[in-house]
Each structure stands twice: as C-alpha cells, then as structure tokens.
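Each of the two complexes below includes chain A, the first together with chain B, the second together with chain C.
Right, the complex of A and B next:
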C-alpha cells in the first residue's frame, strides 16, 4: 500500500481521468461563463465585449431587481439554518434515542426528498389554491376564515408560502444525515454519563450535539448553498412571481437567458452565484473552527 | 473527518456550479457543426429531414403524425423525422440548438420577436427564391407578414391567433345581461354579475400573458392598429393617451371586481377550467381555448359564443380590429444540406397543419380553407373566423410576439403591475416608453 501511494505513475493513472473529466465539464465551463459574463451577447450572434458592464447593471443600476433576488435567497438561507435545521436536529435526536416505529418515521420523513420537485410543486399549489386549497378550507372550517388568502398569488404572502414548501422538502434530508451521525456515537459514552446522573436533555446537549459537530457543519453548508442556488421548486410554484415577489438569483438568471436572450448578462449572475457559494462555504468553515478530535 | 468534510463540501460546490452553469457551458463552438445529423451526401437518393415541433399532447400529436406519415408514404426519397418537445421546454431547446449550430432542418417557431434573433444571426433560410406565386396564392392575405423581416420571408405560417371574448350565454340569459358591445356595457355586465354572485371574468395572471392579451386588446380599441404598430416600432410613444387610457380601463375592470379578489395567483389552465365548469360569465382569450370549451368533458359545450371585444366609446380604433395574426410557422435552417427538399416539406407541413388545426379547433388557418368540409369544423373556431376575422379592418399581433425577448417580458411585467394596481396608467405609459422604446 505504501509502495502504491508513493508511486507517481499510479497516482497519475488514478487521478488523471477524473481530473480530465472534472476540468472539461466543470472548470472550463466556469471560465467560459466568466468570459461570457463580460459580453453583451444574445446567445446567437456575435457578442460585444463590454467589460464589467453586466455587473454594473446587476448591482449598481439594479436593472432587474437582482439585489432583491439576492436578498430573498439570503433570507431563505437564514430561515433554513434557523428553522429547518433545528427541526431536523430535533427529529434526528428523538429518532436516534430509539422510539417506537423508528424506521417507519425515518422513512416517512425522508419521502419528500425522494418525490420529484415538480410533483411537490403541484402538491403545494393545490394546498395553497385560493378556492379549493386545503389550507384555506381548513382555515374556514376552524373559524379562521378571515385568514384565508391567495397564498402564492399575493405579493405579501408568496415568499413565505414558497419558503415553507422549500423547508418542508429538505427537512428529511438533513434529518437523515444527522440521524446517521447520532447513531454512530458509541453507546458506552451514554452509559457512563447516565451513571453520572445525566438526564436526556443533558445527554443531547453535552454529548450528542458536540460529537455531531462535523455533520452539523456539512448540514449548514448544504443548507446555505442549497438556498443560494434554489431554483426548481420556486420555478414550479411561482416562477418568481407574482410581480417578482419570489424572485431569487437563479430564477432571474433563467428568465434573462431563456426569455430575454441575455446570455452574457445571465452568465454574470451565474458567476456571482458561484462566488457567493464559495465565500459562504469559507465563512461557515471558519465559524465552526477546528474539529474536536481526529 | 475534516478531509471528508472538505471533500463533501467541495463535491457539493461543484454540483452547485454544474447546475448553475450547465446551460452556459453548452454554447461553445457555435459555428462548428453542420445543421443536419445524417451523413449522406446531398446527391444521395434518400434524404432524411429532421423536424422539431411542439406537438406532444393529444390530439395534436397523432394528427401531426398522420400528416407526416402521408408525406413519407408519398415521398419515399424525402423522409421527415419528427421530434416533439413540450411548449415551454421547446423554447429553451430550440434556442440552445440554434446557438450551438445544431438546429434541425425544419423547425417550428413562433413568428415576430421570437424568431427575430435567429433570423438576425443568419441561422434561418430566407425563402424568397423558393416560394412560388402559386404557393402564395393558396395563403390568406397577410399570412406571411409576421415572419417577414427586412422585406424577406423567413418562414411559412400555418396557424394564426385571434383574441375572442367568450361569453357564457346561459349565464347571460339567466341574469338577462346584454352581451356587451361597448366598454360601458361591459362594466354594466360586470356589475350585474357581481351583484348576483357570479364571477364576471377570469384570467390566469400567474402566467402573465393572459392579462397582457386583455390589455393589448383594449389598447387596440383605444389606439387603432396603425398607432399600436407605430408605437411597437418605436415611431410613436407609449405615453400617447390611447395607451394610458387602456391601462386605466384595465384598472376600472379590476377595481369593479371583474376578476374577483385576487388576480395574480391563478394559471391560465386553472382559469379556463373554472370557465369551462360554467362558473364564470366571460373569458377573453385566444382562439385555441375553443377546442377545450367544445370538448365532450366541458360543461359549457354549446353554450359559449365568441364575440368581438367591446368597442371603446372614446377610442380611435375600429371596433372590428382584433389582436392576433400569423403566429405559428415552419422555418428552415440556413445550415440544412437539402434546402430545396426542406422548403418543399416545410410548405407541405404548413398547409396540412393549417387545415388539420382548423378542423380540430386548435388553430385558425393562414391558408385558404374553402375546400374543407365546413360541417367538420369546430363551431366556435368557425365563429371566430366568421365573426371576428372575416371583415376585420386590421389586426395587431399580441405584443409579446411582436416585441423582442426582453421587451416582451417588460411589457408583460408592467401589465401585471397595472392589474395589481401597483402603478398608475400614466406610470405604465411612461415606463413602457422608457424601457421598450427608450433604447
């Protein structure tokens, strides 16, 4: 084994194919996009080089409300970390401590992750429907009819309504990651702590959660980056509407490229999303600090 | 553990980039490959033409397949190979393919602003030297207007659109409401229906274009086709009182509760479904909606009348003008190896689809249709053809077809803001002028 790892040829042989594929389908397109983002280009004819003009339009002139889209995605990231992850953590801790029908619950919570996003979109559209939607019907039945609303058609409530669906979709995903991590903690530690008189909340706070730190960091990164590049469910539910209330960077990018023929301008947004994700990852890594053991 | 975390994070990042960029990565090498995907030489005996369209749902798909089969049986040397993609996905697909130089020999396209970038980029074959007068004589007057750029014809239309006001005669009879012929009569009808708890009108504003159709129609009544076209061509201003008044009329309708409480949350499909259940008195929309209204599953079958949109008392427009015009076309790729055969096949496809579309109520023809069995035609489609198009003083395409991509979107957005009462009619005119004609 030691020999193999020291063999330059072997390293090259194993790494090069992946490196090649990685370069061709990931690195090169990024550089292409970076170049396109400096063009005024419709995707068909010859582009015109305009330097940083697209970026000026995005952030200084704010032509298409891109900053509002960025703000929406940041709000989404905050509620993801602040609401979605705690729910996932709570579910994971409860399940990992062993409850009845543990496997059943685990599967049920994970189902939204498996269902196609388009189906989830249709599902929530029906729930939010102003006339026959489940939400309004329930509100009417329990005497809160005055709260009934055109949930995704109203500029005031659309963003919240979309976020609820988005958060719901991935709760099970983070729960599963955390559950697996909590399950892998040795039971001996718990037994020792119990002998010392620790109760369940103390066990969770002092033992389980600290030992889950690495996976929690992964969840936070997933959650934040997932929010920055969220697209499919929003596209299905509202497509950025009504009146741009639920616009996020990716929906603006999609509209720019495919409805408005602004290829260069859209590429500038893509580059921004990449940079945004990279910066967020670095910041989150720093915030969590070094791993305790290993 | 740290390394694993790092790896996971970088994998994730990479995935995120791939999603964000896959669209952008495709377009390198714009001019490299040729337009056809078969390797036979032009002189070869058998030619296979690729044809992309948007007919994926029934009955359109099997009707189109019948048409293609007939051609393939009659022309063993020139075979058409069809590939259909769903409407919205097609828009993305055709743009990407054209940008990558991989367009099919024959392709479906919307006319006006949608096809314009392809034409300007030189990707579409100009048909002037291929189209004979004999062929042109079989088309209705003006059939090629919307696919003509700089005086050159770039496609053959087969279907045209027309906006019609569909009225549910049962509800109109029940509450003794006069089918409106003027805008004030329309407002009266709205009030009467509202008092009786019937939804007067419905529109799927979540899709943006349905409300835009209503605005463009009212604007045409206010301005007349010449002024509308002038403004769209940048020769007149959208701040003209006609366009401001039209926005004001939209808000009068909204504020009178013509569309119910919320207008922004419904898709056009949902709106049509509600109308076809007989719950709504009026719907202004495109002619193709007729086929669903006359379907066996429809609860309003036989109860719907298609009439002209009410005239504006103070408007300058002729009350017979309509929004619509040629909108579905067959284009031929400029890169095709078999220009002559492709144009011939495209002409056949256009003519056959014009007839088939009219018979089934999907499309109004841009080709002469006297030879068709009139009794086979969808009655509502015939009504639109007879009551709205025949004898009309003129027509203007709905604006999102006439304008280019970005401008079309701006127009839709601004109309939505008018519907939501977020801007005043004056602001609407000023912003249209500034954003659409300003640069």
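Right, the complex of A and C next:
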C-alpha cells in the first residue's frame, strides 16, 4: 500500500498536467498583467516602461470616465447589498419556514441565474425598447403611460435600468444560498422559542438571521465583488453607453484594450479591479467578525 | 384571562383564524407575484420568438402569436448560423467538462490519498485560483494565444475554461475524497491492483456524484461564458452561442422573431438540464458558494 500510494511516477502523472495548465493560464497571467500595467504599450511595437504612469492616468488625467466607472460600480454594490439582498433574504425566510409550493417557487426564482447573460441582456434590451418593449406597453396599458421612457437610451435612466436587470438576474442566487442556510437550522430551536411565545418575525430576527451570519457574509462578499467585476450584462445591454452613463471599470478596460489598443493602461485597470476586490473582501470579513459558535 | 374568554367566547378564535388566513393569502400572492416577475419576461421571449415584425410592430407585442411561426426557428438555425454556434458550444463545453473531470479526479486523488510531501502545498496553490478574476488574465492570455497562433481555435477556449474549472473542482473533490473510507483501496491493493487500476476501477466510480456536481458547475460557467469567447474567437465558423447570438442580434437589430428564436434555442439545453436535475444544479451552486 505504501509503495503503491507513494509511486512518484504516478503522482507526477496525476498532478503535473493540472499544475501546468493552472499555472500557465491562471497564475502567470496575473504577473504578466502586473508587468504590462507598468508599460506604455499598444500590443504590437515594443512597450515603453513608464512605472506607475498608467495608475496616475487612471485617476488624475481622467479622460475616459474611469472614475465615473468606479463610482457606478460602487453605487451598484450599494444597491445590491441594500435592495437585492433584502429581497432575497425575505423570500428565503418565507420559503424556508414552509409554504405551499415551496419547491416550485424555489426552482422558479432561480431560473434567471442559470440562463446565459447574453440571453438575459438581449431580452432586457427588448423589454426596455421604447416603442415595442414590454415595459412601456405595460405602463401604457395600466394608465401610467406618462412614465414611459427610452430607459437604456436615456442618460438619466440608463444606469438604473441596467441595475434593475442585474438585480433581477441574481436575486434567485442569493435567495437559494440563504434558503439552504435557513433550512439547515434545527427545528428544535424554533419549537423551544415558540413555547416561549415568540412569533414568526421574532423567530426570524432573533434566531434565523443570526444563525445565517456566515452565509449572509458570503452573499455580501459576492454582491460587492460581483458589482466590481460586473461585465457581461452591461456589455450586452449598453456597452457603457449612452455617453458613458453606464460605464463600469471592466467595460472601460475592455474598450481600452481591444478598441483603443492601450494595453498597458487597460492592464492597470485590471490590476486595480483585483486589488479593489481583495480590499473589499478583507473589509467585509472584518466587519462581520468571527462566526458564531454553533 | 378567564373573563376575556367569557366575554368573547367565539369571536376571539374566529378573528385570529381569519387574520392568519388573510396573512397566508397575502403571502401566497406576494410569492406568486414575484414568481411572475421572474418568469414572465422569459415567457414573453418565447411568445415573440414565434411572431414576425408585422405582428409585433402592428401592435401585438404582449399577446399570443396569431400564427405560430416555426419558420423563425428554421431561419435562425440556417441563415442565422445558430445551428453552427450551437454545435460549437457543445464541442467546447463537452471537451472542457471531459478534460477537466479527468484532470480533477487524478489530481484530487493524488493530493488526498497518495503519499508525498508537497500535497498540502499544492492544494493551497490550486485553491488560490478561487480568488483570481478572469479579467486579470484576459489580456495576457490573449497575447499568449496570439503569439502561439492559437486564436480562433477551439483550444483557445477549451484550455482556459479547463484551467478556470480546476480550483473549484479540486475544492469540491478533495473534500469529497476525504470522506471516503480507505478499505476498498486496501482490498484492491492486496489483490494486486496497480495504482492506475485502483484509480480507474474504484476511485472514479466512487467519485461519480461529486464529479456530477463539478460537471454541472463547469457546464454553467462554460456554456454561458462571454468575455473569453468574445475575445479569442472571431471566425464565424467557431463562434459559440453567447458570442454568435450577440453578433446575430447586432446585425438584425429589428428582426425580433429570429433573434428571439436564437435566444430560445440557446436557453433550451440549460433549461432542460435544470428541469431534469434542478436539485443537483442547486446543490452544485450552493457548494460553489462555500469558498466565500
């Protein structure tokens, strides 16, 4: 047994291909990105080393709306934590305490999560269409026609419209995580509390939510990081437009690299996004403190 | 207490009862309303995928199609190349799942069960990958693939997708392997099995449920991935569904029917998997959250 499981050749064969692919595709590129970010480089001629110049450009000589993109992504993070997570939590708490069609609702709420973001983006584009979109038509039908709008074509409403679609897509995901966590709480605790005369809202506030702290932290981390990294849906829906109204760091990064060939500058944005996500994760972990002892 | 019961002996339980039912009815109503918000847009997509522009622009935007135009589906599949995109997505996704499963099973097995000094170091190293956002690797990968003349090949997607499936897969499989008792392996060893036979005949079958979880997770990420697919492939013949459908919609911005049909076609496999395996799908995504 010892010999068999210590077979160095087998270990090498089992681990090396994975190690190679992982290192070349995931780990090395991070270092490359870090290096590119110090260059002024169009991707074809030789890059010129300019130190932290790109990082200075991001915030000082800001011409392409990067600071606005960062601001938008922070607003998105706030909206996700402040609106999306409470909706998810409410749905999760209701479903977890048992209602008719519990499983059906759980399954239905989750559907947008599994559908391709490109499909969801195209669909919401049609929903927001000024003339034939579902939203304006329904508004007209219920007598709120004066609210009808161009939604994603209007700089005033575009950001909000994009956020609604994003929140809609991921409510089910957070709901499912919270639901699974709430379901895992032993029913005996509830029985005991009920004998003491606690009603449902008290049970939720005093027992369920505190015991869900670890998963709530995960949801907050995912919401915030997801907001900082948001790309797919915004790229499909508006690509940062109109007039940079819905720009986020990733869309600007993508345009800088693949439309303007600013490889160094775009890499600085990529590094900024990673650092931003790491810092946010650490801060949120700290804010939540240690897990309660179960 | 007693006088209370005496004065309103019937009212009290009755009003409490009706309060409870009203509350429950309101709750059901709210849940149903939210369910409609989540699925009605998709239902609407299905409806307009059967309509033509005359019908939509003529005012029937919300209602059922007057004629169910299956021709939208045939034209999306033929002239719109959705069929080609579909096959590309299947090739890339299947290859990714297959390759990553084999690599994951072997590596996780070596890390958890085999005797060598660096197993924990390697485990930590692979798990670092959970933290890495794909944005940070996009440009370097593009440059590497360009220099190797691998842009516009299936491999330019399969290899990165496999790589990004590794950290989560190792996380799930090593956890699972830790919980399997060693008796079977020992018995096989006494019977004189080689390490490869033990791995193939005993470990792989045991790992099947965990591999299914990982495969579903990988499927979701691969089938829906946009950023790499959009950057590494621009040949019409190799585009996957996500990119293909986006360019299709870009070219025919006003042809709602065929675009809708394309969107529905892209969604059907995922929905089918979800309907058949919804518990498994939900489980795999819950497991995926543990890393946070």
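Note that the second predicted complex is superposed on the first by the 268 of 294 C-alpha atoms of A that agree within 3 Å, B and C clash if a C-alpha of one lies under 4 Å from a C-alpha of the other, contacts with A are read in each partner's own complex, and residues count from 1 in each chain.
Operating definition for what follows: contacts are C-beta pairs under 8 Å (C-beta built on N, C-alpha and C of every residue); 3 or more make two chains touch, one makes a residue touch a chain.
Predicted model only: the values in this text are computed from it and were never measured.
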{"item": "Which superposed partner A:241 touches (first chain B, second chain C, both, neither)", "value": "first"}
{"item": "First (chain B), second (chain C), both or neither touched by A:14", "value": "second"}
{"item": "Touched partner set for A:42, first chain B, second chain C, both or neither", "value": "first"}
{"item": "First, second, both or neither for A:222, with chain B first and chain C second", "value": "both"}
{"item": "First, second, both or neither for A:151, with chain B first and chain C second", "value": "first"}
{"item": "Partner chain(s) touched by A:94 [first = chain B, second = chain C, both, neither]", "value": "second"}
{"item": "A:25 touches, of chain B and chain C: first, second, both or neither?", "value": "both"}
{"item": "First, second, both or neither for A:108, with chain B first and chain C second", "value": "second"}
{"item": "Which superposed partner A:262 touches (first chain B, second chain C, both, neither)", "value": "first"}
{"item": "Partner with the higher number of touched chain A residues, chain C or chain B", "value": "C"}
{"item": "Doubly contacted chain A residues - partners chain C and chain B", "value": "22, 25-26, 28-30, 32-33, 36, 43, 131, 217-218, 221-222, 229, 231, 250, 253, 257-258, 263, 266-267, 270, 273-274, 277-278"}
{"item": "For the chain B and chain A complex, residues of the former touching the latter", "value": "1-2, 4-5, 8-9, 12-14, 16-25, 27-28, 30, 91-92, 95, 98-99, 117-118, 120-123, 205-206, 208, 261-266, 270, 274, 404-406, 408-409, 413, 416-417, 420, 422"}
{"item": "Chain C partner contacts - residues on chain A that touch it in the complex", "value": "1-2, 4-8, 10-11, 13-15, 17-19, 21-22, 24-30, 32-33, 36, 43, 91, 94-95, 99-101, 104-119, 122-127, 131-134, 137-138, 141, 168, 171-173, 176-177, 180, 215, 217-218, 221-222, 229, 231-232, 235-236, 250, 253-254, 257-258, 263, 266-267, 270-271, 273-274, 277-278"}
{"item": "Touching residues (chain side chain A, partner chain B) in the complex", "value": "22, 25-26, 28-30, 32-33, 36, 42-45, 128-131, 150-155, 214, 217-218, 221-222, 225, 228-229, 231, 238-239, 241-244, 250, 253, 255, 257-263, 266-267, 270, 273-274, 277-278, 281, 285, 290-291, 293-294"}
{"item": "Complex contacts: residues of chain C adjacent to chain A", "value": "24, 27-28, 31, 34-35, 37-39, 41-42, 44-45, 48, 56-57, 61-62, 103-104, 106-107, 109-111, 113-116, 122, 125-126, 128-129, 131-133, 135-141, 143-144, 159-160, 162-164, 166-167, 170, 185-186, 189, 194-196, 198-199, 220, 223-224, 226-227, 231, 241-243, 245-246, 249, 256, 259-260, 263, 266-267, 270-271, 274, 278, 281-282, 285-286, 289-290, 292"}
